[in-house]
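For reference, the structures are reproduced in the following blocks.
Shared chain: chain A. Partners: chain B in the first complex, chain C in the second.
Moving on to the complex of A and B:
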C-alpha cells in the first residue's frame, strides 16, 4: 500500500499542474481580449491596410483562438516562448536574464527577512504584552503601512545620498562581482525586508500563541523549562504549518509583486519587463511573464502545502 | 573679458571654484548669469579637454522593448544611444547651423530640388568597412522603402529619385525644399553599412563609440573606438567609455545624480529644479527649446468648427500662469503657433495673444454655443503637469463663462485612443529644427499627424512656396503669414514652450545648452569631459 503522504503529495502536485494549465488558459484568454489590435499596436500610426494584413498573417492572428492557444501551449511546452514583437529578441533569453535578477533580489530579501521575521515573532511571544513585543509589532506594522516606494525614497535619501553608503541605482549585470551586486541591491533588499516583515512576524506570533494555550505547554512550563526553550522546542514545531504558508505567500510576493521597487531602484527585474511590454501590447512576452508568475505562485503554494502535510505528525505516522 | 572674471573662470575650470560661486561673483561684477555661463564654457574650453574617464548618464525614456534599429527609435534612450555608434549625413549645431558628419559638404541646385552630398573620404564604419555613397543611398532606401516602418518615413517621403556619382550621393525631390539638408540630420537616418538591410539593429555606424553591452530598458555601454574619423580622444569623444542608465523614475534619476552614480540626467522635474540646483556637487542647466505643450481642437468637429469658439478658448487661457505654475518658470509663453524664437526665420513682430477674459466672453457669446459642457481630455502622460494645466484652464475659462469640463484619461493607450482621435485634448510636440518641418509634420492638409485637422489649401500653397524659396527674406514673410494664420484660425492652443532641464555634475566640463535637444542634443558624451 502507498504511504498516505506519498498519495497526498502526488495529489497536490497533480492539482498544481492542473491549476497551472487553467492559469495558462486564463492568461491566453485575457491577453486575447485586451483592447486594441496587436498588429495595429506594433505598426502604430504608419500602418497601411496591406502592412496590417501582412503582419496579421505573419503573427497568425487570422487563426481561430483555439488553434492559436494550442500552438502557443505547444511552443511553451518545448521551451519556445517565441520572439518579442517589439524588438524581435528571443523571449526565453531576455526573460531568463530578468528572471535571474528577480530571483537574486527575492533570494537575498528572503534570506534576511524570513529568519528575522520568525526570530522577531518568537521574541514577541516570549515577551508577550511587554515592551519588546509592543516595539516589534509597532515598528513592523508601521513599515508595512508605509507605501514601499516611500520607504525606498526615504532610504535612498538617508542611506545613499546623506550617508553615502550603498547605491541608489540597483542595476546589476553579469560583469559585476557578487560583492558589487550585493552592494547594488542592498537598499532594495532593506525595503523589501521592511515590507514583508510584519506579515510573517505577526503570523508567527499568532500561530505560536495559539499553540501556547495547549495543555502540553503548561506541562513543559511546569517541568521548569526556560520560556524560550518551551517556545523553540514545543510550540514552534507545532506552529510550522501556518508560518510556512505565510512565508510562502510573502516569497511569492517578492517574486511577482515588486514592480514598484524595481522602478524606484531601476532594478532590471521581471516586473518592469512585463509592464513595458503590456503598454506596447507585446502579447507573447506578456503571456510568457504571466505564465512564469503563475508557475512561481502555484509552485510556492505547493511547497507550503507539502511542508504543512509533512509537518503534521498525524499524517506522517498513520495508525 | 574683465581680468578678474577671466581669473575666476579659470579657477572654475581647474575645479577650484564651483560654477554657482562663479555666477554669484560675476553677478556682483554686473554680469548676467547667461553671459557668465557662456564665459565659463569658454574658459573650460581654453583650459582644454581632458581625454579619458567614464561618463554615465541617467536617462528617462527607455523601455525593455527598445531596439538598436534606428527606424524604430522614438524615445530618448535609443536616440541618445544611437548618437554613440551612428551618425547621419549632417548635424544641426546649437546655433542652428549645419555641419557635415558623414557628408563632408553638400550643395543644392537653384530650385532646391536636387541635393548633392559629398561623402567624407576614407572614413570607416566600426566594422572596418569604408563608407561609400552607396551605403548612404541604401540607408535612405531602407527608410523610404514601401514596407518601411521607419519613423523617418515622413521626412524622406518627398524624395523622388536617388543616385550615386562617385563619392557623391544625390537626391532629387518632387518639390524643391531649401531645408532638405536639415532633414538629413534626423536621428533615424544613421548611415549604416549597406543601409542596414541585413541587420538593422547591428549598431554599426561611423560614430566615435561602439556598443559593448545592450540591455533594453536597463543600460547601454559604449567604448571609444580607435579609428574615428573625427580625431583622437583629445579632439572629440573624450571619454574612454560612456554608459546610459535607464532611470525612468524622476526621483531615482535625481538621487542617482546626487549620490554620484551618474554624471548627468535629463528631464529634471520643474517642481524640484530650483531645489536640486542648491546641491553643491551639481548644477541644473536649462535651455529653451522648440518643444511645446498644447491643447488641440479638431477644427472639423463641432463645436470646434466655429472659429469664434476657438478664439474664445484661446483668450481664456492664462499663459503666464501656466509658465509660472506648470513649468515653474522653466519655459516661455506661447502664441498659438508652433514656432518661437528658437527657430530660424522667426518673425517676432506677430503680436502676442494676451489673457483677456472680456474678449473670451465676447467671442464665446458670438459663437452661439449652446452652453453644453466642452470636454477637454487630459492625462498625466500627455505632458508633465497636463492634468494641473487643464484644471487651470478650466478655472480661467469658467471665469469667462465657458463651460469647460475635464475628462481624465488613462496614460495607457492615450496616444492611440485619445490623441489624434478625440476632438479636444492635451498633448505635446518636441519641435523640429526648422519651421518647414514643423508645419509639414502637423499642419499640412495631408499630414498624418495633423492633430488639429487644419486643412487650408492657401496654407499648403504658402508652405510649398516657402519650401522652395531660397531668398530668406521672402521665406520669412511667408512663414510670418502662415504663423499668423494658425494663430488666428487654427485649432491649436499653445500656452507654453517648455525648456529642456538637465542636471550635470560639476565634474563635467564643456557642457553647453543646445536648443535642439536635451543633454546637448544628446552629444554630451562626445563634447564634454571630466576635469
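Moving on to the complex of A and C:
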C-alpha cells in the first residue's frame, strides 16, 4: 500500500510537467504568430531579397512550425536554448547570469518580506479591529497602491540621496563581495518588500481569522493561554495551506514580475534582458525567457501544493 | 470549610450585542439574574431549551463570553474569589487550571493539527500544575479510567484518527488532567449516538466520582442529566424556573414548565394495520457510492402503506439516509428496484417524470439550509404550487393561506423571511412546502433532531394530524427511539447497511429482541434515577454470563 501522500505528490509533479509542456506549446505558438520578420529585423531595411531568403533558410524559418517546435523542444530538453539572433551568443550562457541576479534579488526580498508579512498578519489578528491592526492594514494597503517605480524613486531620493546610505543604482557583477552586492540591492529589496507585503499579510490575517472561528480556538482560550500563544500554536498551523499559496504567488512575482524595478535601478536581471530582446524581436530569447518564467511559476505553485498536502494531518497520518 | 461553596453565583446578568439586519447593533439581556451554589465534589445540572442561557451561564463560571456575549452584572465566586474582578490575567490563571471545560462537539474542539497528548496536557503544563512527564502520566491514567483503547499510545494519535465517542472521552481527560476544582460539561453526549452516549456518560460519571471534582452539567435532555447530577436547575429564556434536588425535579416537579419537560415525548399513537397495496415498496436494494467498493445498503426490503408511517431507525453510518437518497433517485442503486404507487420508479432522479417528483416530497433535518434565506414564506410555499399545478395570482395566494392554516401559522407569515422565524416555525414552513405538492409520500430525514424537545413534540403532533387529513405516508428517518415510538406504524431497524429488524411497531418493540435492537433500546436514557447504573450493571452481568 503506497502512502497516500506519495501518490498525491507524484500526481502533482506529473501534473506540473504536463502544465509546463502545455506552456511551452503556448509560448512557441504565441511567438510564432507574432507579426514581423526576424530576418528583416536583423538585416535592416536595406537588405536584398536574396540575403533575406538566405538568412531565413539559415535560421530555419522556412520549416513548418511543427518541425521548428520539436527542434526547439528537443534542444531545450538537452539544455540548449539556442543562440540569440541579435548578437549570436548562446542564450543559456547569457540567461544563466541574468537568472542568477534575479534570483539573488528575489531571494533577499523574500527573506525579509515573508517573515515580516506573516508576523504582521499575526499581530493584526492579535489586535483585530484595534489601532495596530488598522495601522498595519493602512500602511500595507498604501504601499501596494502606489506604483512601484514611484516607491523606487521616493526611496532613492530619501534613502540614497538625502540620508546617503545605500546605492541608488543597483549594478552588480561577479567580482563584487557579498557585502557590496547587498549594499547595491538594498533599495530594490525594500521596494519589492513593500510591494509584496500587503498581499501576503492580508491573506495571513484572513486565513488565521477564518481559523479563529473554530471551536478548538475556544478550547485553547479556555485553557487560559495568552492570545498570541493561541494564535501561534493553534490557529497558525491550521492556516498554513492558504498562506503558503499566497506566499508562493508573491515569490513567483518576485522572479517574473520585477521588470519595472529592474529598469528603475538598472539592475541586470531577467526582466530587463527580456524587455530588451522583445523590442529587438529576438524570438529565441523571448521563448527561452518565457519558458523559464513558466517553469518558475509552475514550480513555485507546485511547492505550494505539496506544502499544503504535507500540512494536512489527515493526509500525513491516515487512519 | 466543607460547607463553603466552591462556586457561588449571585444575580448573574449576561448581555449580548445583536445585529438586526439594517438596524443599529442592540444590547440585549439574555440571562436575567441567576443564583446558585455548588459545593465541592457535587454536580449541578443546568437544563433548558436552546436560548435558555445554560451554556452562557456555564461559560460565565470561567468568566468567558462567546462571541459578543458579556457578563453585565452580578458576582461569580470560585474558591471564595470573585472572578469577575481582577481582569483578564486573573481569569487566564483560572481557566484551564481551577475550572476546565468539556465542549459539545469534541470533534470540532480538538485542534486537527496536533496530537491528542499535546493538547490534553497543554493546560496542565502551561499553568505549571505538573511537569510534562507527570502530566503525561496523569493523562495515561485518565485514558485508562475512561476506558480508551491502548492508553499508553492513545495520546500519540491525531483527532481524526479516533472515533467520536473516544474523542469525547479524550475531551474529558483534557478537562480532568489539570486536576481542577470544577469542570463545566456543555452537552458532552448530545452529538453522540445513543449506544455510544451511554458508555461515555458512564465514563464521565465514574471519573467525576473518582476524582471528586465538582461539575456543572449542561444539557437539554432531562433524562441524561438525571443520571449524573445531585441538583438540577431548570432554565427558560435566561431565567431560573425551578431549582432543586434531582429526585424532586424528576419525581415531583412543581412548575408547569418542568412538568412539560418531564412528560415530553408522551404522544400516543395507535399502530395502524397494513393495507392491501403498499404505496412504496423497496425491493432487494443494494447500493454503494461511486468510487468506493463497500455496499452501504445491502439487500434492503421494506414496504410502506398509504397514510402510514414507516420509521427507519439506526445510528449514524447505518445507511438510513442513503436509503432516502436511493428512493429519491439521488443515488441509483446497483441492484433492486423501487415501486411507488404500483409503478416501478426510474433509478435516477433526472429521468423521473414530473408526476413522480410531485408525489414524493422531502423534509430535511436543517430547515435553515433547506430554504432560500432571500425568499419570503409565501414565495417558498408558492413555488411548488406554480411548478406542479401552474397556480397563479389569487388562486395561488388562497392555497398558500390554506397551507399556512394547516401548519397552524396565520397568513401574517406570508411576507416573512426565514430568518424571522423560530426553529419550529421554519420546519413547519418546510412541511407546508412539501404538502403543497399534494404528495403521496413524504420522506422526513431527522426532521426533529435539531429542535428542542417541546418544539419537536409540536412538529410530531402536526405531522400526525396532517397524515389523518391528507392520507400521506411518511418514511421517517431518525436515530431517536422516542420519536419512533411516538409516530410510527411500522419500524425498520438498520445496522451497518442492513435491516436487522422489520415489522409493525408493537412487534419490533416487543421481546424477544435481536442483540442490536436490545442494545439500542436499552441505551435510550430513561427519566428515572439510577437508570444508568442499572443498565451498566445489567450489561456487565450479561457479558460475564456469556
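The rule is simple: the second predicted complex is superposed on the first by the 319 of 319 C-alpha atoms of A that agree within 3 Å, B and C clash if a C-alpha of one lies under 4 Å from a C-alpha of the other, contacts with A are read in each partner's own complex, and residues count from 1 in each chain.
The criterion applied here is as follows: contacts are C-beta pairs under 8 Å (C-beta built on N, C-alpha and C of every residue); 3 or more make two chains touch, one makes a residue touch a chain.
Keep in mind it's a predicted model, so treat the numbers as computed, not measured.
Undergrad: Between chain B and chain C, whom does A:314 touch in the aligned arrangement: first, second, both, or neither?
TA: In the superposition, A:314 contacts chain C only.
Undergrad: Of the partners chain B and chain C, which touch A:277 in the superposed model: first, second, both, neither?
TA: A:277: touches chain B, not chain C.
Undergrad: For A:225, using the defined touch cut-off, is the partner it touches chain B, chain C, both, or neither? Pick first, second, both or neither.
TA: Touch partner of A:225: chain C, not chain B.
Undergrad: Looking at A:77, would you say it contacts chain B, chain C, both, or neither? Reply first, second, both or neither.
TA: neither
Undergrad: Using the touch definition from the top, say if A:153 reaches chain B (first), chain C (second), both or neither.
TA: A:153 contacts chain B only, not chain C.
Undergrad: Output check: A:88 vs chain B and chain C. Expected answer is one of first, second, both, neither. What do you get?
TA: The first partner, chain B, only.
Undergrad: Touch check for A:238: first (chain B), second (chain C), both, or neither?
TA: So A:238 only meets chain C here.
Undergrad: Could you look at A:66 and tell me whether it touches chain B, chain C, both or neither (first, second, both, neither)?
TA: neither
Undergrad: More residues of chain A are touched by which chain, chain B or chain C?
TA: Touching more of chain A: B.
Undergrad: Pick one for A:215: touches chain B only (first), chain C only (second), both, or neither.
TA: The answer is second: A:215 touches chain C but not chain B.
Undergrad: If you lay the two complexes on top of each other, which residues of chain A touch chain B in one and chain C in the other?
TA: In chain A, nothing is touched by chain B and also by chain C.
Undergrad: Under the definition above, what is the set of chain C residues touching chain A in their complex?
TA: Touching chain A: residues 62, 64, 66, 91-97, 100-101, 103, 105, 108-114, 119, 122-123, 126-127, 157-158, 160-161, 174 of chain C.
Undergrad: State the interface residues of chain A toward chain B in the complex, per the touch definition above.
TA: Going through chain A, the ones touching chain B are 35-36, 40-41, 43-46, 51, 54, 84, 86-89, 94, 97-98, 153, 156-157, 160-161, 164, 167-169, 171, 173, 175, 263-266, 268, 272-273, 276-280, 282.
Undergrad: With touch defined as at the start, can you tell me which chain B residues reach chain A in the complex?
TA: Going through chain B, the ones touching chain A are 58, 63-67, 72, 147, 149-151, 153, 201, 213, 215-219, 245-249, 251-252, 255-256, 258-259, 261-262, 412-413, 416, 420, 448-449.
Undergrad: Across the complex, what residues on chain A touch chain C?
TA: Against chain C, chain A makes touches at 214-216, 218-226, 234, 237-238, 311, 313-314, 317, 319.
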